[in-house]
Amino acid sequence: MPPELARLGHVALETPDLDGSLSFFSDVVGFEEVEREGDTSYLRAVDEFDHHSIALTEAEESGVDHIGWQTVDSESLSAFAERLEGEGIDVTWVEAGEELGQGEAIRFSTPTGHEFEFYHEMEKPDPPAERRSKLKNKTYSRTTTNPIAPRRIDHTQLWDTDAAGFAEWLQEALGFTVQEQYDRTDGSRWGTFLTACGNKIEAAVIDDEEAGNDPALHHIAYKVDTADDLFDAHDAMNEHGIPTDGIGQHSISRGKFLYVRDPVSGHRIEFNAGGYLVFDPNWEPIAWTEDDLEDRQWIGQIKSKERVNY
Amino acid sequence: MPPELARLGHVALETPDLDGSLSFFSDVVGFEEVEREGDTSYLRAVDEFDHHSIALTEAEESGVDHIGWQTVDSESLSAFAERLEGEGIDVTWVEAGEELGQGEAIRFSTPTGHEFEFYHEMEKPDPPAERRSKLKNKTYSRTTTNPIAPRRIDHTQLWDTDAAGFAEWLQEALGFTVQEQYDRTDGSRWGTFLTACGNKIEAAVIDDEEAGNDPALHHIAYKVDTADDLFDAHDAMNEHGIPTDGIGQHSISRGKFLYVRDPVSGHRIEFNAGGYLVFDPNWEPIAWTEDDLEDRQWIGQIKSKERVNY
Amino acid sequence: MPPELARLGHVALETPDLDGSLSFFSDVVGFEEVEREGDTSYLRAVDEFDHHSIALTEAEESGVDHIGWQTVDSESLSAFAERLEGEGIDVTWVEAGEELGQGEAIRFSTPTGHEFEFYHEMEKPDPPAERRSKLKNKTYSRTTTNPIAPRRIDHTQLWDTDAAGFAEWLQEALGFTVQEQYDRTDGSRWGTFLTACGNKIEAAVIDDEEAGNDPALHHIAYKVDTADDLFDAHDAMNEHGIPTDGIGQHSISRGKFLYVRDPVSGHRIEFNAGGYLVFDPNWEPIAWTEDDLEDRQWIGQIKSKERVNY
Amino acid sequence: MPPELARLGHVALETPDLDGSLSFFSDVVGFEEVEREGDTSYLRAVDEFDHHSIALTEAEESGVDHIGWQTVDSESLSAFAERLEGEGIDVTWVEAGEELGQGEAIRFSTPTGHEFEFYHEMEKPDPPAERRSKLKNKTYSRTTTNPIAPRRIDHTQLWDTDAAGFAEWLQEALGFTVQEQYDRTDGSRWGTFLTACGNKIEAAVIDDEEAGNDPALHHIAYKVDTADDLFDAHDAMNEHGIPTDGIGQHSISRGKFLYVRDPVSGHRIEFNAGGYLVFDPNWEPIAWTEDDLEDRQWIGQIKSKERVNY
C-alpha cells in the first residue's frame, strides 16, 4: 500500500521571547500548556486530545521550524522517506520523544523550502484532575477556561512564489487532494486549497508575489463555534491592546474569520467559524476564477499581509 | 406626582455558609464580588454598572432578607412610605450606606410577608483596573471571566398561597403593571407576571398550593445571550457536580431557561435567554388560560419545586 | 404633567418605485405587509405587535416623510402641540386613520428640518390565521418566514450640519435624554445618541460635514439575535446581488452591525445584534472623546456615507 | 486492497402517504425535493451536494427499505458482494439509475435483518437557477428556505435485540470502527457507536429489550448549527401542531438534540447540534460504563421510544 497522510497535526513555531509569546497563546488566546521542556512549550486547544498542536520554541528570531502531519500508519513513515529520498530530498529521522509526546518522525524540506514533519504516534495525555472534563469524550472542562479559547486546529496557510508548483508537488509526492482552487483571469493559479484528511482544507497554498519573501507561513487557523465567538475574540484582543487583522467571511471554504498576530513573534492565528465538511470520496475541486466574484472575501477583509518566513 | 418604581434592582439573600455560597455564585456562576463587609458580600453580574444586584449574608439558615426595587426619584421614597403607612404597613428607614453602595431606603413587608426594599441612589463603582473594559459603556472586560458568567439581573419569582391577592396589591399599592397572566380552567389565577420598568417581567407571582410554605422566593433570573449559553451553564454545573433543574423554554415570556440551585443555600438561579421586550405604553396583558396550551412550558420542564422561605 | 414621549414607533419613507422597494423590504429582508392603501404599504417586523413600523409610499423621488414617535398618553399630543407652537413651530394635526392603524397625530418640522410625527394610539392587528403564532405573546409564526427577517425596530440615525444644536433641542423641547455622546479632540460634538424610551438609543444625531446635504436620514436599524444573523443577512443580500455596506461592531452602543441599502430607494437598513439596555433612572451619558479609541468602530467599518434627504 | 466504506449516504424510507410525509419533510422541516419518480420522492438537505440523502416511497405501511452507504471506490462493490456471499448472505445487484441519481449498487440484509445498500456513484445535480447559491461551494441559496432547514445527514440509530452481535458484525464484515460504546453495570453492551467515515458516529447500534420489535430504525439525524436552531425547530413543530420528543444533550457524542416524528409515517428525525469530530487514525473508542454518569443524557431526555421496523 502506498504511504498515506491522515491529517494536519501540529505546527512548531519559533519566537524570540517564549514567555512573551506564551502570554499571548496561553493567557490571551486560551491554549493549554501540556508540558514544557527547555526552551519549548507544548500547547493544545481545549477540545484536542493529542499532546500538542503547537510547539513554541525560543529562538534568535521568529520562524517556522516545521509543520507536522500525521500518517495513517507507522509504515507510511519509511515509505514516504524512501519516496522522498528517491526524489533527491534529504530526509532526517527524529527519535521518538525528541518532540515531547510524539513517536519517531521524519523531517524534510519541500522543494519550496517549507519544512515538514511526518509522524504517526502521538500521546493523548490526561489533563490535571481539576481541569479534566467529566465527559469521557472531552478533554478539558471549560469551567475555568478563557472565554475565547478556540476548539481545535483547522488549517495552515503557506505562501510561496511558486505556489502552483508547490500545490502540484503536494499532490504528486505526498498524496494531498484539492478541495478548492482559485485562478486569476489570466489563467494563473492564485491559490490551491488542499487536504490530507479529505474532510476540510488543511493546507492553503497561496501565490506570493513578492520574491525573496518565501517560503512563508501566513497563518494557522483554529475552529470556534459561532460568529459571536469571532467578535468575542476581537473583544479580548482589544481589551489586551492587541490589534486584529479584520473580520469577515471567505468565499473559499465559507469560513468566517478573525485574524490576529502574536505581538511578540508575529505569528498569525485565524479564529475560524462555519465552513463546510466533505465526506464524499468523489469530491470534485471547487474551481473558482477571478470572474466568479468581485472579491475573494464574501464579506470583510484581511488588513495585513505580514507573514513569517521559515 | 405619585411615587413610581423604576425597576428591579437587587436581592438580599441569606446563606448558612457565606464562603460556600460564594464559591457557587462567584467561582462557579461568575458573579463579580464588588465589596465585602462583615458577613455580607456584594456581587454584580459582568454587564451591570450598579454596585450590586445580589447581597449575600451569612445567617442561621437560608432565607430572603429583601428584594430591592429602585424608585424613579428620591421623592418617591417618602411618598411610598406615606402611602404604605396609610395602609397600616410598618415602614423602616434604612440609612444611606447601611447597605453598601446604596442611598437611603425604606423597608417593609408586603401583606403576604415578602420583605421589600425601595431605594433610589446606587453607586456605580469602577472595577479594578485589570478587570475594567476599554469600552466606556461596559463594566468588566470578559478576558478572564468565567465563560458562563450571566449578563444582568432579569426577574424574580415569588410564591404565595394568596398570589392573586398579592398581584392585585402590587398593582394598586406599588404601581406594578401586568405583562402576562395565566388562569386555570376553573378561572383561578395561577400566575401574574408583573413589571415595574414596563419593559420586561420583573416579578412573577405564582400560586403556592402548599399552605404554610409561604412567603417564598422560587428563583432569581439572570440574562445570558443564547441557548448555547444555557447548555454551557449546564456543562459548568455538571463539571462541578452540581445538578441542574431542567432546560427548556417558557410559553409565558418566551424565555429559554436553565435552572440551578446553590448547593449550600438552596437559592435558585435561572439562566435566561431570548424572550421579548415591551416598549409600548398601551400594552395589554397577555392573558393565557389553561386551555391555550397543553403545558405551561413551550418545551422542557423544571424538575424541582423547592423554594426558599423568607 | 409635562408631555412625554414613549418610544420610536415608525418611519414613513418615500420611494420612486413602491413595488421595487417592496421587493427589497418584504421579499428580501422579510418585513410583513400588514396593509396597503393607494400608494402606501404598511410593514412591520416579525416580532412587532403594532400595525406598522415602516410606511412606504411611492413618490417622485426617495425621501423621508416623517419619523413617528409614540407619546405616553393622548394628552401629550396637545401639550406637545402647544409647546411647539409656543416656539413658533407650525404643527399640523393628522386625523385618526389617515395613516392606517394609527390614532390622531401631530406633525411638525424640527428646527433642523427633520419632519416628526407624534401619535399615541396604534392598532395591533392580528396576522392572517396561517401566519399567526400559537404563542399569545408573539405575532407571527416564523414557519414560513424568510430566515433573515429582523425582529423589531431599534433606532434611527439622523444627520445634520447642526447636529449639536439639534441634539440640544431634542432634549429641551421634546424631553429626549442622552445615553452616549462622542466629542472630537477639538471639543466639537460629532454625535449624540438619544433615547425617548430610556432603555436604548433611538435617535443617533450625527454631525454632517457636507453643508446643503441636510436634513438627512442615514439609516433605520432593526434588531436581530446574533452575529451569525448578520452574516446570514449578508448572504441573502449577496445572493440577491445587493451589495452591503460593511460588517462590524460600534464602540458606541456596542451594537454589531450589517448595513445594506434598498437598491431602488437608497434607504439604508442596519441589521443590529448585541448592545446593551439601560434600566437605570440615574443613567449618566457615556461621554466618549476622540482620544478614547483609535476608531469609532470597535471593529469593522461602514463603507458608504450616502444618506437620504428629507 | 480490501473493500472499504466511505460514509453514510442516504436512507430509503417507506410511508403510507407520500404527500402527507412530504408535507412534513419538505414544507415543515425544509428538505429540498430534487426529483420525483412514480411513488418515490428524492430529497436532500440544504447543504448537501449529492442527489439525495432521503428517498421516500409510498407503501402499504411505514417501513425502512434500506440504509445506503457509499464505498470509497467502485471496486469495493464487487469485493463486498463476494465477501458477503462468502458468509452466506444473499446479495442483490441494483442497476445504475434504478434509484435515481445513483450508480450501480448492491443490497443485502445484515444478519439482524437491517437492509443495507452499498453504492459508489451519486450525481450532484445543480438546483434550479433561482435556488442556486452564488457560492460555488454551496448548493442552495437559503434566501427562500424554511428557517429551520437542517444542513446535512449525520447519523442513523438502529435497534436490535442482538445489538452487540450486530456491532461486532459491522466491524468484522463491513469494516466499521467504534467511536464510542456504552456498557451496563452487568457488563452487557447497551450501545455501540460506529463510523464508516472515521470522523463522526454514523451508525448507533442500540440494544432493543423488546424481542420481536426488531430490526428497527429509531431515527436519522441531521446537523443544524446551534442550540437556538433546536429551539427554532421546536417552535416550528409546535406552530404546526406536531409534538416533539424532547430537547437536551447526549453524553455520548456530546450532540445536542431535538427529536420529532413525521406524524404520517412515524419516522423520527433528530436535529443535532454540536458534538465533536475525529481526525485521529489512532482513535481509541470512548468506553462508557453505566457507572460513569447518572444518566446517559448529559441533560434533557427523549420522551418516546417508538421506532419503525424494517
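Lettered A, B, C and D in written order, each chain numbered from 1.
The definition used in the following text is that a residue touches a chain if its C-beta (ideal position, glycine included) is under 8 Å from a C-beta of that chain, and two chains touch if they have at least 3 such contacts.
Computed from a prediction, not measured in an experiment: that's the story for all the values here.
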{"item": "Rotation, 0 to 180 degrees and nearest 5, that superposes subunit A on copy subunit C via CA atoms", "value": "180"}
{"item": "Result of counting contacting C-beta pairs for C-D and A-D, higher pair", "value": "A-D"}
{"item": "Between subunit A and subunit C, centroid-to-centroid distance (C-alpha), Å", "value": "44"}
{"item": "Rounded Å distance, subunit A centre to subunit D centre (Cα mean)", "value": "32"}
{"item": "Mean-CA-position distance for subunit D and subunit C (Å)", "value": "47"}
{"item": "Per-residue overlap in subunit D, given as positions that touch at least 2 other chains", "value": "134, 225-226, 228, 235, 238, 298"}
{"item": "Interface residues, subunit C side, partner subunit D - complex", "value": "28, 133-134, 141-147, 225-226, 228, 232, 235-236, 238-240"}
{"item": "Subunit A partner contacts - residues on subunit D that touch it in the complex", "value": "1, 6-7, 47, 49-50, 70-73, 120-122, 124, 134-138, 152, 180, 197, 199, 225-226, 251-254, 276-277, 279-282, 284, 286-288, 292-293, 298"}
{"item": "Subunit D contact footprint on subunit B (complex, rising order)", "value": "226-228, 230-231, 234-235, 238, 244, 247-249, 256, 274, 298-300"}
